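Following this message is one structure expressed as structure tokens.
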Amino acid sequence: TIEHVFKEIFKAGLELQEDDHRKALLVSRKKKPENTIVELKGERIGDGKPHLVFGPCAVESYEQVATVADAVRGKGLKLLRGGAFKPRTSPYDFQGLGLEGLKILKRIGDEFDLAVISEIVSPADIEVAVDYLDVIQIGARNMQNFELLKAAGAVNKPILLKRGISATIEEFINAAEYIMAQGNGQIILCERGIRTYERATRNTLDISAVPILKQETHLPVLVDVTHSTGRRDLLLPAAKAALAIGADGVMAEVHPDPAVALSDNAQQMDLKQFDEFMNELRSFAFARV
Amino acid sequence: TIEHVFKEIFKAGLELQEDDHRKALLVSRKKKPENTIVELKGERIGDGKPHLVFGPCAVESYEQVATVADAVRGKGLKLLRGGAFKPRTSPYDFQGLGLEGLKILKRIGDEFDLAVISEIVSPADIEVAVDYLDVIQIGARNMQNFELLKAAGAVNKPILLKRGISATIEEFINAAEYIMAQGNGQIILCERGIRTYERATRNTLDISAVPILKQETHLPVLVDVTHSTGRRDLLLPAAKAALAIGADGVMAEVHPDPAVALSDNAQQMDLKQFDEFMNELRSFAFARV
Amino acid sequence: TIEHVFKEIFKAGLELQEDDHRKALLVSRKKKPENTIVELKGERIGDGKPHLVFGPCAVESYEQVATVADAVRGKGLKLLRGGAFKPRTSPYDFQGLGLEGLKILKRIGDEFDLAVISEIVSPADIEVAVDYLDVIQIGARNMQNFELLKAAGAVNKPILLKRGISATIEEFINAAEYIMAQGNGQIILCERGIRTYERATRNTLDISAVPILKQETHLPVLVDVTHSTGRRDLLLPAAKAALAIGADGVMAEVHPDPAVALSDNAQQMDLKQFDEFMNELRSFAFARV
Amino acid sequence: TIEHVFKEIFKAGLELQEDDHRKALLVSRKKKPENTIVELKGERIGDGKPHLVFGPCAVESYEQVATVADAVRGKGLKLLRGGAFKPRTSPYDFQGLGLEGLKILKRIGDEFDLAVISEIVSPADIEVAVDYLDVIQIGARNMQNFELLKAAGAVNKPILLKRGISATIEEFINAAEYIMAQGNGQIILCERGIRTYERATRNTLDISAVPILKQETHLPVLVDVTHSTGRRDLLLPAAKAALAIGADGVMAEVHPDPAVALSDNAQQMDLKQFDEFMNELRSFAFARV
């Protein structure tokens, strides 16, 4: 019938449209089928093996970061994160040490031979950050701060891009495209939970985003288990789920003394909990069906 | 200071209140620390090993279900699901075979030695269903149909309770309590995705709900990977994540010919895809860190 | 170009599909352009004038309801609501007086010459309710309890259908269609807020749903300002917005002594607040631009 | 009983805590009970009367903006908006004319004696914008771009702050506090819809946010009816609801020829629709109960 023909044309048109759109993106698998690999002090994020990133929510002092760096190094890991510029809901909350924090991270990175990752929140600071950091993080609140994305795309430095608090996967991919369109293809995506009605967790970890992002783009994908759950007791199970579903790595917060942390003290691991986390993750036996 | 004392009292009061509330529930770990195990034809759901449930979205005919049952049996599995009463958004969509469907499932269960699971949507049908089914399912739309929950609590038959489309974990646990308060403690919980703004998946699989439900209750927890993702290409990764995070099992839809299925044809696996799914899940090597 | 032609066909096909779908529904404006009017003791809901419904969350005693009925009557209003069967999250919360509550409402309706409205939660109770109530309410949790909808469609009694807690407008319209498809077209729709991430209100009043429902269907639309906001201080502003946007009426909870109410005590108005609410609503001067 | 005393102390503690927190904010009513009024070419936003803002989504040319400005002026209105820097999901969509757009707006403002409003997206552009604009807009995607908020707080120019796409009311108020904490208290808040699961509208207009923001802060509150609904047919009803609930004004998009607009062509009014919108809004008779 004529109606059936119409429907077939309709479907063909729909697929055509979608194809067109996706084909255009530089970050898409259609444009580049093989995985992008981001090299950091010998770790190759995106190589199919899991990579772990730890560190305190905020850089508070050299000693604090050094204590964590030592623990990280002791486990044979190479990636350290810590916040120097802290975007906070209230202007009266601790805003981070700023440039001072970046200097501490740089010194720690050199002394402990670690790759250091920190968030930058202003386009003007991106160029400065290049000298101090191994990876520049764009945080969830700034995922659609397009001026910041463009500035990040203009430097020769890996970028860790976190998903916005209520960004769709499509918007997330387009945010990465903003960076790559400026010439910088060294991008690591990071799922960190989305805002939903559920209150048992701080955010809702959208675990399905991981395989979708791996399919749609050629970029490595991490899961931030700290911000997605907001609960210390869920870090280990969430990390297992992330690795099982194909994430290229996991990020979590570790602080020498979470109780006195200047931010997010309810969700960071202390060093003993970090030990247990690593031991259990390394000895995890996947249940056979 | 007086303020500090106040805050301590405040915190103590808060914990007291929460403790009180949780202590009361029959489904809580506080009430019963050991796992509830639901036995179905030798499979012990809740015993720490993963259990798999497959079957078509809707029971369409004896032949259709038998084909799937044969495949399920051929893989050494024991659990079959199929919808006889189908709650559908539109009154003009296929509503299921009803009692005829239950009879088909009963016959299949006997012939293939499988435990059969099907949804019941009316309190009046619960008693009838007892004679035909091994497990009575309460669907997502009926999670707070309290009359149905009470009827399910009054029979001696395992209940599979699905999380409501936008139910909080607390509401989900209370829905289970409605059943157990009537005397029936043979309850299996099932996370099936929640409604969020994200459109890349049919629902958002709330994977963190699994460890929370395992902590808060003593009941087994399954993950329905079909309804949570709504995408055939995500069934396998979601199943891996579910088992890694500690689910007691996974549920997925299999249909001999999804293209002609009377419902949900975009998300069911055909028999070849079912083979691949099982092979890949059984040979899955968890990535070591 | 060929591509442009394709796109035009595509758009035409899209509109055709949507048209087809909507044309089919009995509740749609396409099927019946003029407004459905539901008559209740002389009030004609859907006639273009606003109608107000008040009453306690739950029927607790004859005296309690009579006090409110007297106040409602004193303001020249004709519509009274009160819950006899209360669907509650926890099985241990007050579940309502049941049949006893219906009898109280019937007596009050007769004595005060008011139309009485109450929620029914089980298909089996619908026929019973017909003898006691002027309007049968289907609550938010049961909006997709299709067996209940069908039972409501089979009686000759107006139905007040509340939107589900996370129902789309399309699902809401289809739920009404379940009732009308059984022969009962005396349906009043009620927007009562949807579940979102925002916590400042109990739910988020989706005020835009009102004009959409008025456009898409021929049914009257009320707004429940109590459940949508969950805050006594927002009842009056929300009522103004509802009437301004074209709702056929407003529903709100009034209790003689909210502090001792057996349910929802934080959001009900007492009699003095009810007086003020009515005075302010009646004297409201819409701001001119 | 001791338990009762505990609960009373608990409640007192809770209120104390909340009080403390709110008292601190400069934007709060507690700090300043009387309304802040922002003066713009004789219009006093926040004076209790409704104020209307119109203009095209994007500034495309002098002629395009002049056509709209002429229509706005012709209705006795004084406020014009138009986007010069356009934050777009895809880097390949039209990004606005930038500084050229600001110059067009400045010229239009002078020629038609209108106050002009436009969004600024980079901290570095705030100071430049001061010379061209009467009001600097911070858009939804940048509501938690704290560097931009701080830069906006450091200039002597009214700021129009839009609510983030999934910002809580509390986060919105704190974003305003970021501006005021830098010394600039000339802030207009703008509700523009939040992201929810509902797809019938582009966003869900959170109408209850208006009275809450009016209660909690002393700042004027507008409602952007274009972005909250995304539907031309809902602009008028949404505007009525906004004014009825107490908004200080309404914002909507008007374009000489929406079909060829470079952005958002499905939701802008053309000049004839703008005429009708104004006529109907001005002749609107609020339904009496």
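Observations on the structure shown:
Per-chain residue numbering starts at 1, and chain names A, B, C and D are given in the order in which the chains are listed.
Here is the rule we go by: a residue touches a chain if its C-beta (ideal position, glycine included) is under 8 Å from a C-beta of that chain, and two chains touch if they have at least 3 such contacts.
All figures in this text were calculated on a predicted structure; none of them were measured in a lab.
Touch-path distance (fewest steps) from subunit B to subunit C is 1. In this assembly, the C-alpha centroid of subunit C lies 32 Å from the C-alpha centroid of subunit D. Note on chain placement: the centre of subunit B and the centre of subunit D lie 45 Å apart, centres being C-alpha means.
Listed for subunit D are residues 166, 170, 195-197, each touching two or more other chains.
Taken as a graph of touching chains, this assembly is fully connected, with contact between every pair of chains.
Interface residues of subunit D, counted against subunit A in their complex, comprise 24, 87-92, 121-124, 141-142, 144-148, 165-166, 170-171, 174, 177-178, 181, 195. Subunit B makes touch with subunit D in their complex at residues 6-7, 9-10, 13-14, 16-17, 166, 195-197. Across the interface of their complex, subunit A is touched by residues 48-52, 166, 168-170, 194, 196-201, 204-212, 215, 228-229, 233-234, 237-238, 240-246, 278, 281-282, 284-289 of subunit B.
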